[in-house]
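Two complexes, one shared chain (chain A), two partners (chain B, chain C).
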Partner chain A sequence: MTVHRYFAPESEAELASLIGRHDDVVLVAGGTDRVVSTRRGQKPLAGTLISLDRVSGLRGLSVGDDGSLVVGALTTHADIEASPTVVDSWTALADGSALIGSPATRNTGTVAGNIMNASPAMDLGSPLLVHGAEVELRSSGGRRQVPFGELVVGPGKTTAQASEYAAAVHVPAPAPGTGSAYVRLQYRRAMEIAVVGAAALIVLDDGIVSEARVALTAVGPTCLDVREATDVLVGQALSADRLDAAAAAAEDVARPISDARADAEYRQALVGTIARRAITFAAERARGRAVPVPASEVKPITNGGGA
Partner chain B sequence: MLHDIEVTVNAQAYTMTIEPHRSLLWALRNQLGLVGAKEGCDDSECGACMVLVDGQLVNSCSYLAVQVAGRDVTTIEGLAQLPDMHPIQQAFLAEGGVQCGFCTPGMIMAAKALLDRNPDPDDEAIRRGLAGNLCRCTGYQKIIRAVKVAAQTRQKG
Partner chain C sequence: MTTVVGERVVRQDGRQKVTGAAYYTADMTVTGMAHGAFLYAPHARARILRLDVTAARALPGVYAVVTQVDAPPDRYGGFVKDRTVFACEEVRFAGEVVAAVAAQTPDIAALALEHIDVEYEPLDPIVDVEQALDGADLVHPDWEQYATGYPNIVRQGNDHGRMTTVRGDVASAFAVADLIVEERYVSDMAHAVPIEPHAIVAQWNGDQVTVWSSSQVPFLARAATAQILGIPESRVRIVVPYLGGGFGGKCDVHFEPHLAILARAARRPVRLVFSRREEFTAVDKTHGPMQIDIKTGVMRDGTIVAREGRLVIDAGAYAADGPYATEIGMMMFANGYRIENISIEAHSVYTNRTPSGSVRAPGGPQVCWAVEQHTDVLAARLGLDPVEFRRRNLVADGDVGPTGQVFEAPLALTCLERAIEESGYADALGPGEGVGVACAWWYTLPLASGAFVRINADGSGTIITGAQENGSGAVMALPMLAAEALGMSAEDFSIIYQDTETGPWDLGSAGSQTTCNNGRAVTEAALEVREQLLDLASDVLEIDAADLELSGGHVRPVGDPSRAVAIATLAQTAQGGRLLLGKGSGDVPAWTAHDASGCVGRLGYSVFPHPTFSCHVAKVRVDAETGVTQVLDYTAVHDVGHVLNPIGAEGQVDGGVVHGIGLALSEGTLHREGRQVNPNLLDYKLRTAADAPPIRIAFVGDGAPGVGPHGAKSLVSNRSLPRRPPSPTRSPRPLARVSMRCR
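Our next item is the complex of A and B:
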């Protein structure tokens, strides 16, 4: 299939109307995934190619009146990595963006691209899950917010309608005492894709875990929410025993496949370790201790970090 | 279907008529005859195609040419002020940061982007800045030293 029509709208109204008018639309933001997969023959650039890079108002980070973070769809990974606000309060997102590709990839790759490509290995997926993020979809008919876990439903699959585009990501304000982290198993430190990844969000109230979420990356068709980890962690101090239980819960949820990067068996064997690291780093941050971004490049804490 | 764009490359204005699926790398090499940026992997893994778009380092093999309309592109050809080479180029030569030379244009553009942002990088910052650039002659030590020397020269200059 070749490109028959090309548009570079400058406003959202123009974009929405174009998407509504054509039924063979491919949206391109930074192009880092799309252009490469097109050349490999995996995803053709279809009849109507619409470039998002000129649409005004879709790039940038802001904090709303309710303390929530609003990430414009065209915000780049470099923007996120360099934002003190994200690093301070939504740290797992910064951990994820800072790991993507190389400086050149992060300069062009966008948040919407990472989400809407819906790769099971997307580095922002688990951080968005543990932070309870919602993606705002807009069309000429209106707008709606969809929890991340209900938007991305399979490899390359989302529940967005053909007439909708991702406009922003809304991430709730973290409670006082929150720490979050995203860690992945990687074979090298650049241009890498997660072999196994995990994000954790821990809220500590006087040393007791009052809120906890854990999610896994690259071990299922989408990023996976480890709901049972919440049950085993909340209401107690983060002891070695609780960490073991949370790691076991993560292992139960994982259903990895074998691919070019790793065998299913190897991935399964590493899930507990990676989940444990994410929880431990999140707890360290919840205690107010500095863990540099990206946490993946920090030496793992093996004793649970102490209470 | 062809699309017309206007773009500034190395401070010179161009009009290009181009198919929307073409990469910036393809357009630079085949339409403008600027063959400094290289096609290594054509997969945005190796960095040999790196150029600056509005001062930002990008992989030109995965950047759609139509998206540079109205923007400012700098390629390796735009660095030297002939007859003098750019200080980063001079440092790569002086330190032997070049073996076969295929990765060099990308390495130098990545180094430029790094030094524009961070004029005094330590070894770790240099490694991170060049993290998207592969050299298959295994010359990284000399390349890192060349970037260090370029930074020192710049600060003195």
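Our next item is the complex of A and C:
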């Protein structure tokens, strides 16, 4: 479809009003996903294209009084990757951002773009899930916060209304003793899309897991929350046995498909492995040990152990 | 003793290319230019029941819509004249061009494509090579009527190029062998993937057409375009602006005739620039999928006594220049080893896939991979170290190749020993790590080529050549050769190249031969100018020309700078009389003597003339749980004769190694119903800079006789990568151990 109208609003008021006035709108932030999909004929552009990049006030990272992280919608992956605050406290998010595309992609691509495109392979999805993030949607009618898991509901599908745009992501403050990590299976080290990904958040209290969340990427229509992993991990030390149980829980949740990047069978076979690595790295970080960002670049732990 | 040749000279086009200042065909604009677009076959095989362009032609802003009805009916093609400009009655691969439009804007052109009314009757695509060889429908039912310019070519059904290599007595040798190992290796389709996609601009001026094209072979493109249009070559001019890589994918005639026909119908210049998807699907050049059967008999001491092989290449819908790949693949079965008894049979099979052809070292890497894997298996089965096994079998002085060529002081073993030494092959390995070694051989083609060299009035020089620069730096080496001959520096020369109206004939950037053959031509042209300069200086200095030398931009008495006369001064004198103007082609060196009389269907590579050898060592780490493999460290040793410019030679090897690692680990083409599933750079996984390992490069063989100028030989990085799992795009199986072999 040919684009008939192009707007580049400079304020949120102007943006909200434009979205309200047209019914065939495509919002573009960094465009790193959108442009490629459109060129490949997967997602034709609509008649009205609204560019977000000039809207003021939507980019930047801040930590609120309650210790939570607020990520402006237009914050780039490079911003996140380079933020010591994110690397320290919301490390899985930094892992995810640092893996996206190439330096050029990360300098252009935005958090909102990654979320609202709702790709099952999005590298921020699982980190946002394990950190319990909420996405703030705004429109001319007001604002609301939606947990990430309730916003993205299918490939390319969100529960955002046509009148709404993503304005920010709110990520709760981590409890003391938290470590998080995102690991993906990748065939190459740049310009890659997750084949299988997993994020984990582990809170350790005197060696005992007091809180745990695991989420999966690229093995279902959306990023998947592995709720059972919480049950099998919380209340005990992170033993090899518990890791196995959490990996098994992840395998139960996964519903991979076959596509050009991998067979479903291969993805399914790797879910446990990748989940185990994410949990292991998250626990390492919870113990205060340094695991470089992105964790996927770290030489894999091949013994599967959780020490 | 040389002063310029052998130095690290930065190529002239480097700065423009790196800074983005270089202009490519896609950057061309001609006044009044229309935008072209192709309509492609959506099916791998279908009958065209209806093709109606009336509605498309009627759209405002559409200047022309053409189909085969508007094109000459004669079939054309390199080996077999099997194709028409646009699809005729039937489409034979998904991506075949059915129609072309020229319109005022790209959007209108796209709209016009949607308005072309075409109805297909889809047919079951022929995609299995064994079935294609035995009983399947014919991809070309009328193949017997197709002409070929090659009397040797052996055609039978869907096989459009059966060939054999026969030497010695394989059956008797197998009978005495201590061990026989028989294996099958299968490789999939891979693409050239130049960073610049195909682009063409065509403009008519009266009855002459100029086509700016992203071609690697402008003279071949000119010949084919002229033949297809039915006009003399003198009325077709092919100009190549900067070329953004080719890797073989831009060999052969491509879309120059299509655009010439379209521009003539539109009565205005037309430009067409490929998208990345088109670059994968419409370009009839791929590494065709290969099925490689190899059977070898060895003695307990490791001596190879016999080899039998069968190579079946899925050549796709049209022969194009594919049979070269088949023949080169055949030669790779011997791969630098001494094999007294050898019998190889090869088939080039029509299927309904994208045609195969001259992608970087056509036919080489696939068979080299299979042979080298097989070599490791042989060594393992004999309990021999893979290096020692190779040591015992690589060719030595006086050994004989598969078609009877006699090796003279080959450096195969030298490459092996140097690679082992440089790479730390024997060093301890970490967990999950492995090391592999592979050897390869290649050829240096002696071919005709031409150039002019002139000296301008200010003493600067101009090289006018028909040679084509595709990125390898071959043309960029030419100023060094002229400078060497004339005692000047490489920077003194500009180069006029890749334009069929200015330079003498050249094959183009194909066959790993530009520097050798055009270098010889430039050297001869420069030496003619040298004689002219010496004559002039002899008059000025009143010294016999035989006692003069050229050095530092001057002509002087040998060893006496005090009486030097500047070339610029002589050039001014020349401008008033006999110009400083040289031409060269040179005597084409002889092809290596051989005897292919027992062989069938051989075309142009019945021998690997003036062979070169190489040996690579790769250290890898395999993630045992996922199968994902990382190359940690790489060593490449090549015998290329005298290295003219180390920067250029190293760059060629770097690129070849990274390309080879891509083929080995992550590149691969998936098909569904004959259609490519991953024709894009997201899912066709080239290696990125982040994936490139440190590459250690060494050249051996300086001083050995070479066929090119100053003892140079060809340098193709034919990517003899040691280990090649199946394309991980198709999911690597978790490997049980590092040494697991993939076939």
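As a convention for this text, the second predicted complex is superposed on the first by the 300 of 307 C-alpha atoms of A that agree within 3 Å, B and C clash if a C-alpha of one lies under 4 Å from a C-alpha of the other, contacts with A are read in each partner's own complex, and residues count from 1 in each chain.
Convention: a residue touches a chain if its C-beta (ideal position, glycine included) is under 8 Å from a C-beta of that chain, and two chains touch if they have at least 3 such contacts.
Keep in mind the model is a prediction, meaning the values are calculated, not measured.
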{"item": "Clash-or-fit label for the pair chain B, chain C on chain A", "value": "clash"}
{"item": "Chain B versus chain C as contact partner of A:Val28, first or second or both or neither", "value": "first"}
{"item": "Partner chain(s) touched by A:Tyr266 [first = chain B, second = chain C, both, neither]", "value": "second"}
{"item": "Partner chain in contact with A:Gly101 - chain B first, chain C second, else both or neither", "value": "first"}
{"item": "First, second, both or neither for A:Val36, with chain B first and chain C second", "value": "both"}
{"item": "Partner chain(s) touched by A:Gln186 [first = chain B, second = chain C, both, neither]", "value": "second"}
{"item": "Partner chain in contact with A:Thr2 - chain B first, chain C second, else both or neither", "value": "both"}
{"item": "Contact residues common to both interfaces of chain A (with chain B and with chain C)", "value": "2, 36, 39-40, 102, 189-191"}
{"item": "List of chain A residues in touch with chain C within their complex", "value": "2, 36, 39-40, 102, 185-193, 260-263, 265-267, 269-270, 273-274, 299-300, 302, 304"}
{"item": "Chain A-touching residues of chain C, taken from the complex the two chains share", "value": "107, 275-277, 431-432, 621, 623-626, 628, 665-666, 670, 677-678, 680-683, 685, 687-691, 728-734"}
{"item": "Touching residues (chain side chain B, partner chain A) in the complex", "value": "1, 3, 19-21, 23, 42-45, 47, 50, 56-59, 61-64, 66-67, 69, 110, 113-114, 128-129, 131-133"}
{"item": "Of all residues in chain A, those that touch chain B in their complex", "value": "2-6, 8, 28, 31-32, 35-36, 38-40, 45, 49, 51, 53, 101-105, 107-108, 189-191"}
